[in-house]
Each structure stands twice: as C-alpha cells, then as structure tokens.
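Starting off with a structure, shown below.
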C-alpha cells in the first residue's frame, strides 16, 4: 500500500468514526486553551480536516446511535447533504480565514461549534438529531452577537436567542406529535399533513425568515461582531432551506410565501441606512427565491435551490465580509456616514463589486443559479411568481448590490482615510470572489454537485442579453432617480418592521393590560391583588434561610414529624 | 478469586480502615485508601457483570447456608448501587481532607473514617440479611458523624451532633421494624423473609413493622418532613464529604426502601393494601417544590445544593410511588444521574471554598472570570439539574415523565415540569452571580488546583457523557427494575 | 478537715491496687473460657477495660495514660478488628468462604471451628477493651474548651 | 453596535484636504489602523477623486446609456434569436422596460414606506 493510499485509508477510518461537523465541534472545545498562531492554525485546520473527512465518505454512508429507545441516524450521506456539506465547509474555511486576527477565544469556539452543528444538522437522518443540532446552532451562534459586548447587541442577542430557541421548541413539539401520529422519527419528506408537521413547518419557517417571522435576521445580524456576521450569514437560514427542501419540497404554500419574501425586503433595503442591515434584507430576499424553488418542488427547481444556496452563501458572505472590513476600519457602516472609500480601500471595493455583481450578473454565481429557479417557475406556469421574481432580480441587484457598493465606496466622500483591509480579510474575500466567478464561468462543476441530473444551459445569447437588459436598465433607473433627485436620501433612522410587534406593540399591550388591571384593582379587585402579592411574599418568607421551610428545624421537630408520619402510616393501613 | 468478590467488596474498605489507624503515615494511608477505592470500583463493576449474567450472585459467610448464616446477595439493583457508591468514592477521595480542619499528622483518622463509611454503605447495599443492614447502617452512620464534624467551623460539630440524634432515631425505628419482622417469621434473611411473610402479611405486627421500617428509612433518605438533618450536615461538612454523602448516603437509603417494598413485602401489599403511595406521592411532590423553593432563596451555595438535593430525592421517591416498573427504573437511574451531578456540584463548592474562602453566594460574584473552569463546571452540572437535553438530568426527567404518563398521571407530569422551572431559577441565580456581576474589589483570578478540578470535571463530563450514552444507565436501571418487580410478581 | 481528692484516699488506692490484677485475670478467664462456659470476647473486653477504668478513677488519668498510652489503645482497636478480619481472610486463602472456620484445620472441622472461634473472639475482646478505654479517655480527658 | 463604542478624538490627519481619521472603535483584534501622514497624502483629497468629477460622472452615465441602447438595439434589429417561455418575453425590450419600471416603482413605494415606518435612530433604546 502506498503512503497516499494509507493516508486515504486512515482518513476513511477517521471519517467512519465521526459524523461530519463533529470534528469542528469537538475541536472548538480546545480553542480556548490555545494562543496566538497555534490557535489560528488549529481553527483553520478544523474545517479543512472536516472537509477532507466529508469528502472521504462514500455516498450512502450511514451512522447511527441509540438514544433512549430511539435509533438516531447521525449520518445520512446523500447528494443533497453532500452539496450543503460542501458549501458549509467552504463557508466555514473562508470565514475562519476572515476571522483569523480575531483573538477572542469565546467567539472562535462559538463560531466553530456553530458551523460544526450546522453541518451535522445537514447530515441528520432523523428529527431528534436534527433538533439537537438545531438548538446547538441557536445557542452557539448567539455568542457571536453577544461578543460585540455592548448593550444593544446584548438585547438583540437575547431576542435572537428567544426566537431561535422558540423555533427549536416548536420543532421538538412537532416532532413529538408527529411521532405520536405516525410512529416515525425519520427526517424524510414530511409534507403538511398534520398538526405535528405543521409545527415543524413553522419551526423551519422561523429559521428561514418567512415574512413576519423574519425580523430576527435584520435585528441580529447587524449587531453581531465584524467576523460574527460573516459566520451567521452562511449557516442558520441555509440550514432552514435545507430542512424545507428535505421535508417540504413541493408544498404549494411555499411559493406565495417565497414570492412575498423575495419582494418586500427590497423596499426596506432601499430606505435602510445601516449597510449590514441592507445586506440582511438582501439575504432575506434571496431566501425568497430558494423558498419558491422548494415550493415548486420539481427536480429542476430543487436543483436550482441547491445551486442558489451554494452561490448565495459565497457571494453573501463576500458582501458581509466587505462591509465587515469597512466596519473594522472605519467603525461604522451607516450609508449616511460613508462614501468615497474606494480611495482608501481599493481592493475591498473591487471585491465588493464582484460580490454585488454575483447576485445576478452573467459570469457570476448568481446568474447560473438564480435563473434556474426563475426558469423553473416559468416551466411550471407560475406566471405571477415568474414576474415577481424577475422584478426582485432587478431590485435585488440594484438595491442590495449596487446600493451597498455605491454608498460605501463611491458617493459623496466623507473624508475618512483608512488603511486597506487586513491581509487575512483580503485573502478570504479574494477566495470568495474567485469562487463566485469560478461558479459563474464554469457552472458544470456546480451542476455536477446537484442532487438531480441537470440539463440546463445558462449561457444562451438570449438569456444573457435579456438579463443584461434587465440589469442595465435597473442601473439606469438608479442613475435616473439620483439625477432627478427622486432617490430617497440616506437618513439616520430606525425602520419599523415586524420586530415592532414584539418590541413595541406587545409591551404596549402589556402596559395596557397592566393599566386596565390596575384600574380593575382600584375598582375592587384590590383584595385579590393583595392576596397574590401576599402569597408571593409568604412563599418567599417561609422559604428564606430564616423562614420555616428554608431553615433547619431543631432535632425535636424532626422527631415529632417522624412520630406523625408513623402515626399516619399506621392510620392508613388500619 | 472472583467468587469472593461480594465479600471483598465490603472487606477491603472495612479492614483497610483499621490498617490506616495502625499505619498513620499520611502518604501511605492516602495511597492505600485510594487503591482500595479503585479496587472496590473494579470489584463492583465485575459484580455488576456477574449479576447481569446469573441474575443473583450469592455469597454465604462461613459456608453457612441461609437462613442459618449471613449471605450477601447481589442482583442488578444493588450491583448498580455498589457501582455508584464506589465510583463516587474513587473519584472524590483523591482530594482527601484538604481544606477541612483535620490537623497535620492526623489525616489517617479522616481516611479510616472515610473507608469505614464507604464500607458501611457498600455493606448496606450488598447484604442479604436485614440485621446486617442495620449493623452496616450504624457503621456508616457513625463514621459519617465523624466526617461531618471535621468541617471547617464549629457549626459542623453541631450539625454532626443533630444528625447523630436524628440518624440514631432513624436507625432505631428501622431496628424496631426488623425486630418485629423477626418476631413474626423467625428469620433475618431477605429472601427467606419474603417467603415466610406471605402467610402472615395481613397481621398487625407486620403492618407496624413496615411502618417503623419505612419511617426509619425515610429519615435516612431525608424524605420531606424528615429532611432537616440534611441541609446543615451537607453545608458544614468538608466538601469532599458533602460530595460523597450527597452522592451515596441517600442513594443507599433509597435502595433500602426499594428492597423493603419490592423484595421483602411486595408491591401489591405495600401499595394496594397499605396504600403507601397515598403518603409518598404528596410528600414527594411537596419535596420537589419546597426543596427547590428553599434552594432559590438560600444565600449559601452549599446550602442551596443541599435543598436542591431534597427536591431531587423527591423525584426519586416520586418514581417509586408511581408503583410501576418504569417508575422504579426512573428512580434507580436518577440515583446514578443525581450522584454525578450533585457530586460534581459539591466539588465545585469545594473549589470555591478553597479559593474564595467562603461559599456564600455573594462571594461568588464574577467567578466566571476568576475561576473559569470551576464556573463552567458549575454551569454544565447546573444544566443537568434543570434537565437540559444532552445531560443526565434530562435522562432522569425523561424516564420519570414517561413513567408518569404511562400511569396516565398528567397532573404529576405537569408538576414535574413546573418544578424543573424552579431548578432553572436557582441555577440561573448562580449563573447570574458568576457571569453577570462584577467580581468584588481585590478578588484575584486564581483557578482551583488540578487536584480539585480533575475529579470535578470527571463527574461533570460524565454527566454529559451519560446524557448521551443512556444504555449503560437507563438500560441497567430498567433491567434492575424488571428484576426487582419480577421477584415480587 | 480539708476535702481530699479521690486520689489521696489511701484505702481506695490500696484496695484497688489489690483488685486490679484479679479483674484483669477474670477478664482473661471470661475470654478464654468463653468457648465452654458463659462469656466471650465482648464481655471479656468490657471487664478488662473496667479494670483499667478503675485504675484511672483512683490514680488519675495521667497515671493511667502513663501505663497505657492512648496510642496503644488506638493500636489495640485496630488490631482487634484486623485479627477478626484476618481470620476470615485466612479462611479465604485456605479455599473456604470468608469466616469459614472448617477449613482452618486440615484434619478436623471441629478443630478448625475451635481455632477460628478462639482467634475471632480474641479479636473482639481486644477491640472492645480498647474502645471502652478509648471512650473513657475521651470523656475523662475532656476539658471545658472555648 | 460599533458606533456606540468609546469614541476617542483621533488626530485629524490632513484637515486642509478634508481628510479625517476613522473614529477609534474598540473591536476585537484591531491592529494599527492609524494612517501615516505619508499614506494619507497619497490618497486624493475630498472632491478630487476621479469618481467625484462631475464630468467623469457624466461620462459614466453616458456610457451606461450607450450600453443600454445597444442592448435594446440588439432586440430591435433581431441580432439574435430571442426566445422565452412566455410570449411577452419576446417583445422588444421587454426586460429593459420591466427592469427600469420595476426599479423606479420600488423606490417610489419605498419612499411611501418611509413615511409610515421611519422612526428616530434611537427609537427602540
């Protein structure tokens, strides 16, 4: 046996011991013990190792464990899982490179656990394993937000955690009910067939940022750290798309949901000032395409969805990275404060433009993936959806790509003079940009990874020209609106979104109820309220260390109780 | 050799104790005790294997056949208890008597007392003779009083004294019960008792015997109204002793209760005729709530743990009171799981006491940055107390809830979940103090020594490991419960 | 007449000095005759200890501890238990069960039983005597502290 | 968020040319951000960048218009075979028109949305 073969054999045996993702999760525990270059090397080695481990697995591998009486399928290695695993690993590698200079051990381990658990979620073959990984992503990722270390991030992180854990709880409840209904825990096609699957659907929907369930995304991502947002943008929502594709492919209701998702974030993106939040809205908009693809559910549409996930993870990561670099250097990503940075950060500018172009333009990843979903919609005769997606294509390109580049790097020079982004960030961004272009220019490789056979040719003259028309005229529209002074100026502001419901309305209702309650109390419910507070204070009083139940009684009392208990036992048996 | 394992299980610690008294040399004594505890762990694991193979391993002393002589009888249930006791002993003993008030040159006294206590507990669990149970119970209790009195301040002596009184009352009650049973049957052998009691079960003497024995055991087990020796004893004892006792002493008492109810008297008699569950169920539920509530309002970490133990004992007795195989399995598996978590937490308290000098909760401010490893161990074990999935606490709750649901006891299920929320409150209080408040002025960042940290983390990591690997705990507990109930029909 | 301490009462000193050896001898009789008549290690140990306690009462704790240092008492306690357990272990080495006296003599089980009981009872006697004296030391040496 | 970080007064780099230093924000792993005077001098002053000259901007816009016209021209003169799933896709300049109109519409609607949903920056704080 040659050395190479031995190495591969060893890798295969290692791979046979752990499901993918676990290397990263376990390795993350060591991160706090390491320092400096060793830690950086270790953090980079983990996802790389994980990637090799995954690639060493043959398709169709399985691995299971027993948890209580249930057989858990820790590993189900099929082509969908492989595609997601591949893109998640790549995203993890790029993000780790991007975060190389970040010396926070907490953030480093959290990011690795987060990526690792997202990866192992993709390989979960049953709902319990999925649930565990699902919650693990929630709990680990919140530290990426909290690591910002300011009050706003703390509160935002808490809201994020509540929403994410809530999604997990719904998933668990749905799983239990589903199990009771069908006796199966397998995570295969579920479909909206009962109450249990309904709950699971909502759980997935929360993570996929369905309309009105979406706001945690725009709330949390811009509050995470420079490097944290990059990690966040890659995994959580795409995991949800994966789960939807696996469990609810072809569920019709997803098509209108996705169409709405594809459009409404654009309105917000137009007027939002915080550029990372603009990107978050953009993320939401692109998820809409994927949800539509899942909803259509044909092999072609699912191929398109998976392809778009791959392209999207990379270019959205690239965009978040470039805005992160700006935030890192300038200290703000408010459009109203930025402008003219191309002078200081030319490479970042260039890479950001590549990222923006990758949303739709030919020769980039978005072009070859997104058009699959749009074509799938047309093929299945969803005319309205087709038009909506076309509109969203133009809008997204303009207000999520061009806008970000324009306001950050061009526009009015606000005078900031800063250094170019650090080398590791540039390498990460460069890698992402190369991938974007690579996918766009050689779509064959991407198509080879997709779950079903592909016979789609993106580069026809007709397709290229029509898309160019669409994009060029949307840019023209931008220029026209700017010139005509119709384009809304960037203002420092907060935009109300569905988070208003829980950040304002619920507190209002709460206050209102409290007010009504107080009024009612004044009108004669006083005694009841008094009773309640009296009960509470009594509970505290008797359980405090100096209270009756919180305080060791004298020996005599115990003896008395022993006698009482004896008496009671005898009484009962006679 | 292996046929002598049942005898050696108890003999090793009990005979090493006087040997320690003779040797006196601190290091020698320490190494010897360690070797003995590790050896006992090995023996208990081997016994578990044997018991799972042959059902019941019997060892007759002096080759006198039962009921003439004393026999040791090991089935899956007490093998499991033996494993718990010896495992905890082997893990915590390396810490030794550091940080208590044992003067230099007299450490050998600590080790002899510890080994006696250890051997006594093993003896209670292993023996198949009710009078022997009483004897070993007394051996372990007397050693326990000494160990508790070795705490850092004089309150420890007070605590030991009141435990002495209460514990003696408990033992006496048990002895009265045993005496009455002997009077009715003329035998002390457990298996023999079970056979001979069949004819005289409905007599008043047996009922009175049962009542006395149950109250006696309940005192040792710290069932709710009889629990008041526990907080003081656990609070003031040296940390190692608290960890050991909390993880083993009540467990052995719980085992006794199982043995008396299922093997000696039979579940049908206890629950259907005597309606023991009418008393035990409300007491268990009350313990779950009162214990947790009291834990919430405590100001001392160790005392908080002690009250939480009372609540956890409530879970165990609740499983028993459900009167089903699943319920007994839930109780048995919680023995193991609670031993891991609570043992780990008391060792955390030991780390805190060592470095901070006090276990008052206010003194634990900012512990997350001062002693990160200690604090994170507390958090993980605390998550187990709440019952977060992925920890042993979840396994116990799961087993208990499914046992309750199996009996259609919805209201009990709801109460179990509610009381878990109370656990969430007191654990969160600790997390808040440790991580979200600033350390007091002048507090230095100093982690506990490896001697403390390694045992702590062994228990904490085990509590996570067995949260996933449930076959070796829940599986064994189910087998044990099956054997236990199968014998009683 | 000034009140005298018990240690200075001459009659007591003389009489107890006279009785003391006989008490010990009686203890030994009860110990070793236990196989045939009433008695045994437990009773013998208590009687043995009673002799020393008498000595201590009359001549004072200091004198007693000079004759019988606390360390010896401690050793005695341990030694007795070890003797008892050692016999059991010995029988295990002789291919019997723990405390199986039958195997202690190769020729006759009766002899074996006799031998086993003899040594075990001796162990009990030593331990009981030591513990009783130890308890006396504990109480007599107690001062009002702190 | 970051702008809440402790802002310390950084030395203005080149006031005459409108240059300023980025506010010093405490972010993890922040290495030396300060731009040396020489580096600062190499960067064009405010208003002097290539993309800031009105003439250049006009050039860009005209170039854009030219490309747009060319792309529609390709339709107009049937330089290629245009095919689509729907009939309307084959109209001349359909995508161009659709893109332009939808982008303008999006902005106009968004401006209305601003009236409803815009609040002060610290609305939630």
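Structural remarks
When the chains are written out, they are named A, B, C and D in that same order, and each has its own residue count from 1.
Note that in this section a residue touches a chain if its C-beta (ideal position, glycine included) is under 8 Å from a C-beta of that chain, and two chains touch if they have at least 3 such contacts.
Computed from a predicted model, the values in this text were never measured in an experiment.
Chain pairs A-D and A-B differ in how many C-beta pairs they share in contact, with the greater number at A-D.
Measuring from the averaged C-alpha position of chain A to that of chain D gives a distance of 26 Å.
One inter-chain figure worth recording: chain A and chain B are separated by 45 Å, centre to centre, where each centre is the mean of the chain's CA atoms. With each centre defined as the average position of its C-alpha atoms, the distance from chain A to chain C rounds to 79 Å. In terms of their C-alpha centroids, the spacing between chain C and chain D amounts to 101 Å. Looking at chain C, one finds that none of its residues touch two or more other chains. The multi-chain contact residues of chain A, meaning those touching 2 or more other chains, do not exist; every residue touches at most one other chain. Viewed as a network of touching protein chains, the structure reduces to a simple linear path.
Put simply, chain A touches chain B in their complex at residues 65-68, 132, 135, 539-540, 543-545, 547, 549-550, 552-555, 557-559, 561-562, 564-566, 568-570, 572-574. Those residues of chain A whose C-beta lies close enough to touch chain D in the complex are 101-104, 107, 147-148, 150-153, 222-223, 225-227, 266-268, 270-271, 274, 327-334, 340, 342-344, 375, 378-379, 383, 386-387, 390-391, 394-395, 398-399, 410, 413, 415-419, 422, 461-462, 465-481, 483, 486-488, 491-497, 503-504.
Against chain A, in their complex, chain B makes its touches with residues 162, 165-166, 169-170, 173, 204, 207-208, 210-212, 214-215, 218-219, 225-226, 228-229, 231-232, 273-276, 278-279, 290, 293-294, 296-300, 303, 307, 389-390, 395, 398, 468, 470-471, 474. By the touch criterion stated above, chain B contacts chain C in their complex at residues 4, 7, 11, 14-15, 17-19, 21-22, 59-63, 154.
Touching chain B in their complex are the following residues of chain C: 74-75, 77-79, 81-82, 85-86, 88-89, 91-92, 96-102, 146.
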